[in-house]
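Look for subunit A in each of the two complexes below; its partner is subunit B in the first and subunit C in the second.
Presenting the complex of A and B:
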């Protein structure tokens, strides 16, 4: 069992590595993509500098904590999109029948599929995340926790993308729903949860679980608490398990489109 | 000109077929407005308080209008299309047609924007009225003037995005330049009025495209002044000429470098 898991992880990393090497063929484009993504994210610092010149504390966060939130959000989505880019296109793959290639491989279909492409610009997101951590104040503890929560948050984000995308097994073209849910996560993630009230707070604990992706982790990096840490891990395991269950239940309904294509 | 109007009309007709998809796509718009509504609600302890000359309702209307202008443009799609046309060699099919690629891109995309603008404008105004229970009072002439500035802002914005897309002639992927452009417009022009920036930066922003594609029309909507209207229109005409010239310059230089392999 453990050997099988180890092998699968090895194959997934190899898949990511080959996808990255493909993207690195054009070095100028590769580097431009990364640098511009960092600049792109940096633009938003201007927004917060202005807002913090009006008010010292926004939604319970000071300026440095806000930068940390931005960093964690960028890191989370960066890790998710870099290692598992295809998870965000799963609905399209189901509808077009392009999962065929992965069904015939003697490896886990879902993991093989989601790690088949990378989004290079997300390396910029990941670098930006650590720049923000550096500005916040890097220590061994904050570095370890930050990296852990970036990966943990990425797992939840990918799991949700799989869950929403897999709805295509039952309902056909649901790309818009899946894309909307993904953009909901991105749009809310960079604002402090303290500015929201009412039903949005409930959404943050349920279908847009940003409390477990960003907000609780930020509080844990600032002031560690074992109970909250365990809750975050438990929620992550729940979403990952749910993603696997929904995908494999749906896969039983999958039918090929007879689309001929070649993976290079 | 007639051929471009025909291109525009056919694009409008095509987009009318996908009206439901377009409407669903505006969920993001609603989310953004909702976030800013919460944010400004939090920052303004009293809705009538003035921050840099704007009360809370004016700030939210400002963001609503700038977001309408920005969301209706669908700039990422346009930039990506032009980049792909150049990279894939598809542009060869446009070069041998009896029209200019720059004008074709402009009118073709205007067809996309028209439907999007109408939908998001209705949605934005409806959201503003529902959440704020008030709307800036403008007379018919002022509304016409405001809509004219919106039209010019849209045309200039499209031309600038076309110019960015055409950079693909020189480097393979111009999309990163678009990200930077979009974030500059978004952060400096969409989220805050110019008055929120330090005094030293304000003249620079007012001389930049941000003034004509974002700040100008939105400022007129929240507080219409005839002198401001004339300033915006004059600046827009100047920028229209500049952006049009830049597009043609990049295109004429770039198309000479084009190397398409048949197949």
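Presenting the complex of A and C:
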């Protein structure tokens, strides 16, 4: 069992490495993608600088905490889309029947598929995340917790992408729904949760679980609390398990296709 | 010993249907209609160890669906599949170690990597230690003559070279059964012949069981001793290539150049295919008339040149497809 897990991780990392090598073939695009992602993220900070010049505390967060929130959001989505970019295209793979190659391999279909491509610009997100942590004030504890929550949040984001994308097994083309849900997550993630109330707050604990992706983790980095930490882990396990269950239930309905395709 | 046993296998697909035009599209949003397509209907067969069988049929006959069920890609609706004692539905991962697949229409190699790096990657997928992968790559490199391009990125290879690499990638883990789904699609005749020789060599060397689907009759004729013909989801013929030829080759084509014109109209057992005065092409049904009787009708003294040949296998198979349609 342990050897199987080790071998699966080895193959997933090899897959990510080869996908990264492929992206690096075009040096100019590779570097500009990363730089422009950092610039893109930085532009949004300007509006917050203006807002914080009027008010010291917005939604329960000071300016430095907000930078940390931005960093964590960028890190979470950066990790998710860099290592598991294909999770966000799962609906397309189901409809076009491109899971065949993974189904004839003795590895976990889902893990092999989601790690088969990388989104290079997300390296910019990851770099930006640590720049924000540096500005906030880096310590060994904050570095470890920040990295842990980036990965943990990425796992939830990927799990949700798999859940929404897997609906294609039942309903056909649901790319738009999956894309909208992913965009909602990104858009909300960079605002302090204190400014949201009512139904939006309920959404943050359910189908857009940003409380567990970003908001509780931010509070934990600032002031660690074991109970909240355990809740975040439990929720992550819940979403990952749900993603696996839905994907594998749906896989029974997979109909493949005879479309010509190439692994490029 | 049977390595593949398929019993009463069936698979249907639910496909959306809609009327023509925008009106049809709007209607289908309100009330979606579905059509059930029975891709595979109750098929049964078995394959012995080391056999090379052709699994053929026209487009949409159900051959790819059957292969996908045998390899664990698709779940069957009904029936059972036993591949080397394993159930593809329940033991997909275990089965993957024992089989290899090449889908001519779906490339599984990374195009920016060299074949060598790809083979190393496949070695990792099948949990093979590096030393064994190296040994296997060297062995297959010789067998499939990859020396000249093993370190060239796959995207720079010709289609024939790519297919050779695809086959090698599927053999890295020494599978007991190899599923080849149209491996020669899009290749020129010389490369096709080359691939056939290599597949034959591989079967001889490793005793690998091969299940081949192809629309190219030469592939089937040159590689397989047994043929299963599928049409409309059902098996319409499961026989040896020898029997197929023996039972269906009861017609001969006689192509003759004559000194004088001959009238063969209304002759029982003879069909005139081409009559250009002194050049005559006829088909003789040997069940009704022997070839020697046909030649007597032509009068041997009247013949300048003659060629007697079998009906092409392609036509035989096409006739079987048509019978299946009825």
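Keep in mind that, in the parts below, the second predicted complex is superposed on the first by the 263 of 264 C-alpha atoms of A that agree within 3 Å, B and C clash if a C-alpha of one lies under 4 Å from a C-alpha of the other, contacts with A are read in each partner's own complex, and residues count from 1 in each chain.
By our rule, a residue touches a chain if its C-beta (ideal position, glycine included) is under 8 Å from a C-beta of that chain, and two chains touch if they have at least 3 such contacts.
In this text the structure is predicted, and so the values were computed from the model without any measurement.
Asks: Mind working out whether A:188 is in touch with subunit B, subunit C, both or neither, as first, second, both or neither?
Replies: Once the two structures are laid over each other on A, A:188 reaches subunit B alone.
Asks: Pick one for A:47: touches subunit B only (first), subunit C only (second), both, or neither.
Replies: In the superposed model, A:47 contacts subunit B only, not subunit C.
Asks: By the touch definition at the top of the document, which applies to A:249: first (subunit B), second (subunit C), both, or neither?
Replies: neither
Asks: Return first, second, both or neither, reflecting whether A:139 touches subunit B, subunit C, both chains, or no partner chain.
Replies: Neither: A:139 stays clear of subunit B and subunit C.
Asks: Taking the superposition on A as described, I'd like to know which of subunit B and subunit C A:33 touches: first, second, both or neither.
Replies: In the superposition, A:33 contacts subunit B only.
Asks: Now for A:22: first (subunit B), second (subunit C), both, or neither, which partner does it touch?
Replies: A:22 sits against subunit C, while subunit B stays out of touch.
Asks: Between subunit B and subunit C, whom does A:196 touch in the aligned arrangement: first, second, both, or neither?
Replies: First partner only.
Asks: With the two complexes superposed on chain A, say which partner A:57 touches: subunit B (first), subunit C (second), both, or neither.
Replies: neither
Asks: Going by the contact rule set out above, which residues of subunit B touch subunit A in the complex?
Replies: Its residues touching subunit A are 21, 24-25, 27-28, 31-32, 35, 38-39, 41-43, 51, 171-173, 176-177, 179-180, 183-184, 186-188, 191-192, 196-197.
Asks: Can you check the complex and tell me which residues of subunit A touch subunit B?
Replies: My answer: residues 26, 28-29, 32-33, 35-37, 39-40, 43-44, 46-47, 50-51, 54-55, 58-59, 121, 176, 180, 183-184, 187-188, 191, 194-197, 200.
Asks: In the complex formed with subunit A, which residues of subunit C make contact?
Replies: My answer: residues 13, 16, 64, 68, 71-75, 92-94, 96-97, 99, 101, 103, 105-113, 117, 121, 124-127, 155.
Asks: Taking the complex as given, what residues does subunit A use to touch subunit C?
Replies: That would be residues 3, 7, 10-11, 14-15, 18, 21-22, 25, 98-101, 103-107, 172, 252-256, 258-264 of subunit A.
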